[in-house]
Amino acid sequence: MRADSPIVRRAKAVPLLVCTLLVAMLPAVVTNNFVLHALTMSMIFAILAASWDLLFGFAGQVSFGHAAFFGMGAYASALLSYYAGLSPWLGVFAGGAAASLFGFLVGFPSLRLRGVYLALATLACSEMLRIVVTNWVTVTRGTLGFNLHPGFPNIPHTPTAHYYTIFVGAALSTSIMYVIAARSRLGLVLRAVAADDIRAQALGINVFRMKLLAFSISGFFAGVAGALYAHFIQLVTPNEIASSLTILIIAMATIGGVGTIIGPAVAAIIIHFVTEMLQIAGTVYDQIAIGAVLMLFVLFLPQGIAGIVRKKR
Amino acid sequence: MAQLEAAELTAGYGGSTILNGVSLSVTPGRITGVIGPNGAGKSTLLKAIMGYILPRNGLVRLDGDDITRLPTHERIRRGIAYIAQTRSHFPSQSVQENLRMGAYLVRSRSLRAQRQSEVFQRFPILAERRRQPAALLSGGQLRVLEIGRALMTSPRLIILDEPSIGLSSGLVDTVYGHLRELAASGTTLLIVEQNVRKLLSVADFVYALENGGNRFGGTPQALSARGVLAGLYLGAGAI
Amino acid sequence: MIIDLVIFIVLGVMTGGLYALLGLSLTLIFGVMRVINVAHGEMLTLGAYTAVMLGAVGLGGVLVPVAAAILVVTFVGLIIARVLIRPLTVEGRVHEQRGMVMTLGLSLFLSNAVLATFGPDYQRVPGLMARGAIEIGDLVIEGQRLIILMGSLVLAAALMLFLRFTRLGLAIRAVGENPEAAQANGVSVRRIHLITFALGSALAGAAGALITPVTYAFPAMGFSYTLYAFITIIIGGLGSVWGAVLAGFLLGIAESVSVIWLTTGYNAMVGPALMLLMLVLRPQGLLGQRIARA
């Protein structure tokens, strides 16, 4: 299975910058803590969706175990900051590195496979991680969840401060991923591999190494998202490694439009924020809606929202 | 009245157009051939005739009835059999099961049994290997299996897409021998071929396609006489 | 020690029957349509909740819930195949990527629809299908679990006989192997896709009805069964009916026996680990055919 050959989609810089500034200024107008909290979580999802898109939309690799990268980053940072006293600021990078390493290890057996086989291999690894984390109760406290680690030090523990912390993390991550994917030579090579890896190999590209690199980079950022999450929410459970999370990520990325990085990020923010608000309002139909919307998109708008935006230009 | 007729067919895949107003007429009981360089639209023509793709313009008529939009299995029910270019069989199923699939539309068990024994009589090699999986058959035997499979519906018209492909010249002769016998017993054949020489030796009428359009239609003798062939395969400047 | 091993093997055979049924139902769908049906477990969920609803109005037993589940899920499966999957089908094969994402959305939709309708609580069929248990020394075989095994075997056998000896079964196998050739023989590939999807889903639904007396039904129950179904067909070999049966029992036994070394909880890793191993070493599985077409 290959992603339909990704066309280079370059987001226009100015509207993006304006949007980013607007998002940065939101806490000035939004004072409701619930809303701020939901927005903050949404940005974590944005990093996640973008990282999945980096792997799929650009490198053409289906990851069905992305929740594992997230969970790996979360647990790594949480455990390190508790057991080893690592500062959460460093923990974010440690989480990313751990997830990246995990991605490397997962990639080794999996990346010689294609399509559904690759997807299932990543799923297998993800499930195995989840089972280990669930059962290694002495270290991780299993299904109770791990909440012994600190939050972010040196900042006030207000929703606004958290919002900005995560915002910086999300903005940086997404920008770096976008630059790598759409505007760097590495991204070009990855897209060549995704489009036709046999031909890419004939051109002298070490396809396997490139795919492994894509896995590691994607894993890194998903891990960063996980670590940010760990110190923000201050509770990490095996649910963070559940397939339901992977499914949600894939849904967000698809609706946003695979192959654009920005599309999935924006879609993730909107979708998660809306569902959070709906949940607070008391409905159970939010996830049903996501599923229904996803199906409709596959049928009628396979390029996602980003595709609509492109057509309007 | 021609048994099969295609009139001004325009068809393609996605955004591209392969056939541009191709016409063809197949006379009952005769062997009609279609030749042309790669990309001329020969396979596309067959697919449109069989109903695998729907043409954008034009008609396909069988015995005068418009079948342009008829589903494939309906066309088969009306007596057309189709042998595709590659792998028109089921490797994991036995020879007998492959023939059984050929008779999928034949509901009467006795009729199926009768036709199967006719096929076995015509092609003893199939009878020998009736229980073997088709995957074990050689290239030539597979072609024979595919013809046998097509015969299970007792078709009035058999369409073959490059029957000689992948076969040694000896096997090609064998296969064409069978085809000649079939025509002699009254079955109409429409054959698309790359092996022009072989086709011309059996065909009663030949069409040449080029770039999705008709380039020639006539007897093999007329084709050779007019020197169309060189131009067809080597480019217009070659004549 | 040997006794323990035997006990674990027997217990493994019990769960193996269910895995075999799951694998069969999915290999049917995947083998013929090449759809990565992420929502397969949700068909099981629907069957389970059908049994729960019937149980709530006093209709218990074995035959009624299973039959009802088959009916309900066949109906749902036909709708799904017609409305959601057929539009993604080109030349007899479902678009792999879009099919996967579509069933993904379906999975989200269905599991949450069940949640919205029935609530998050674990539900169980009141009353039992069969009481009592057979005891042989330390080995206790609950009647319930025996029913599951029997039911799975019966359904599996029925499916295999159907595929082997009926005209429709032959057509289904043919479409799975070579859709163009099947079409050339007069098979309506579109119709076969509908039937196959409905049939595979119905079997999963039947499995759901079978397990409810033993397992609680809850809205998110589907996915782990989807996972096990995929593990089974990967180990057994995509498109191989006997492979699914063999793999199902192997998986059940392996998972059960591994408790000796891995302790309960960790033994759940056996399934994914075996799948990964098979993918790396022999992607076509134990009995799978070489995938002739990409």
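Labels A, B and C are assigned to the chains in the order they are written; within every chain, residues are numbered from 1.
Keep in mind that, in the parts below, a contact is a pair of C-beta atoms (placed from the backbone, for glycine too) under 8 Å apart; a residue touches a chain by one contact, two chains touch by 3 or more.
Note that the coordinates shown come from a computational prediction; the quantities given were computed from them, not determined experimentally.
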Chain of greatest Cα-centre distance to chain A: B
Chain pair bearing the highest count of C-beta contacts: A-C
Approximate Å spacing (C-alpha centroids) for the pair chain B, chain C: 42
Approximate Å spacing (C-alpha centroids) for the pair chain A, chain C: 31
For chain A paired with chain B, centre-to-centre distance based on mean C-alpha positions, whole Å: 53
Partner chain B, residues of chain C touching it in the complex: 91, 167, 170-171, 173-174, 177-178, 180-188, 289, 292
Chain A to chain C touching residues, read off their complex: 1-4, 62, 109-110, 112-113, 115-117, 119-121, 123-125, 127-128, 131-132, 134-135, 243-244, 247-248, 250-251, 254, 284-285, 287-288, 290-295, 297-299, 302
Residues of chain B defined as touching chain C within the complex: 50, 52, 71-73, 76-77, 81-84, 87-93, 97, 100-102, 104-105, 149, 153
Residue numbers on chain C that touch chain A, as the complex places them: 36, 38, 84, 87-88, 96-98, 100-102, 104-110, 112-113, 115-116, 220, 223, 227, 230-231, 234, 263, 265-266, 268-269, 271-273, 275-276, 279-280, 283
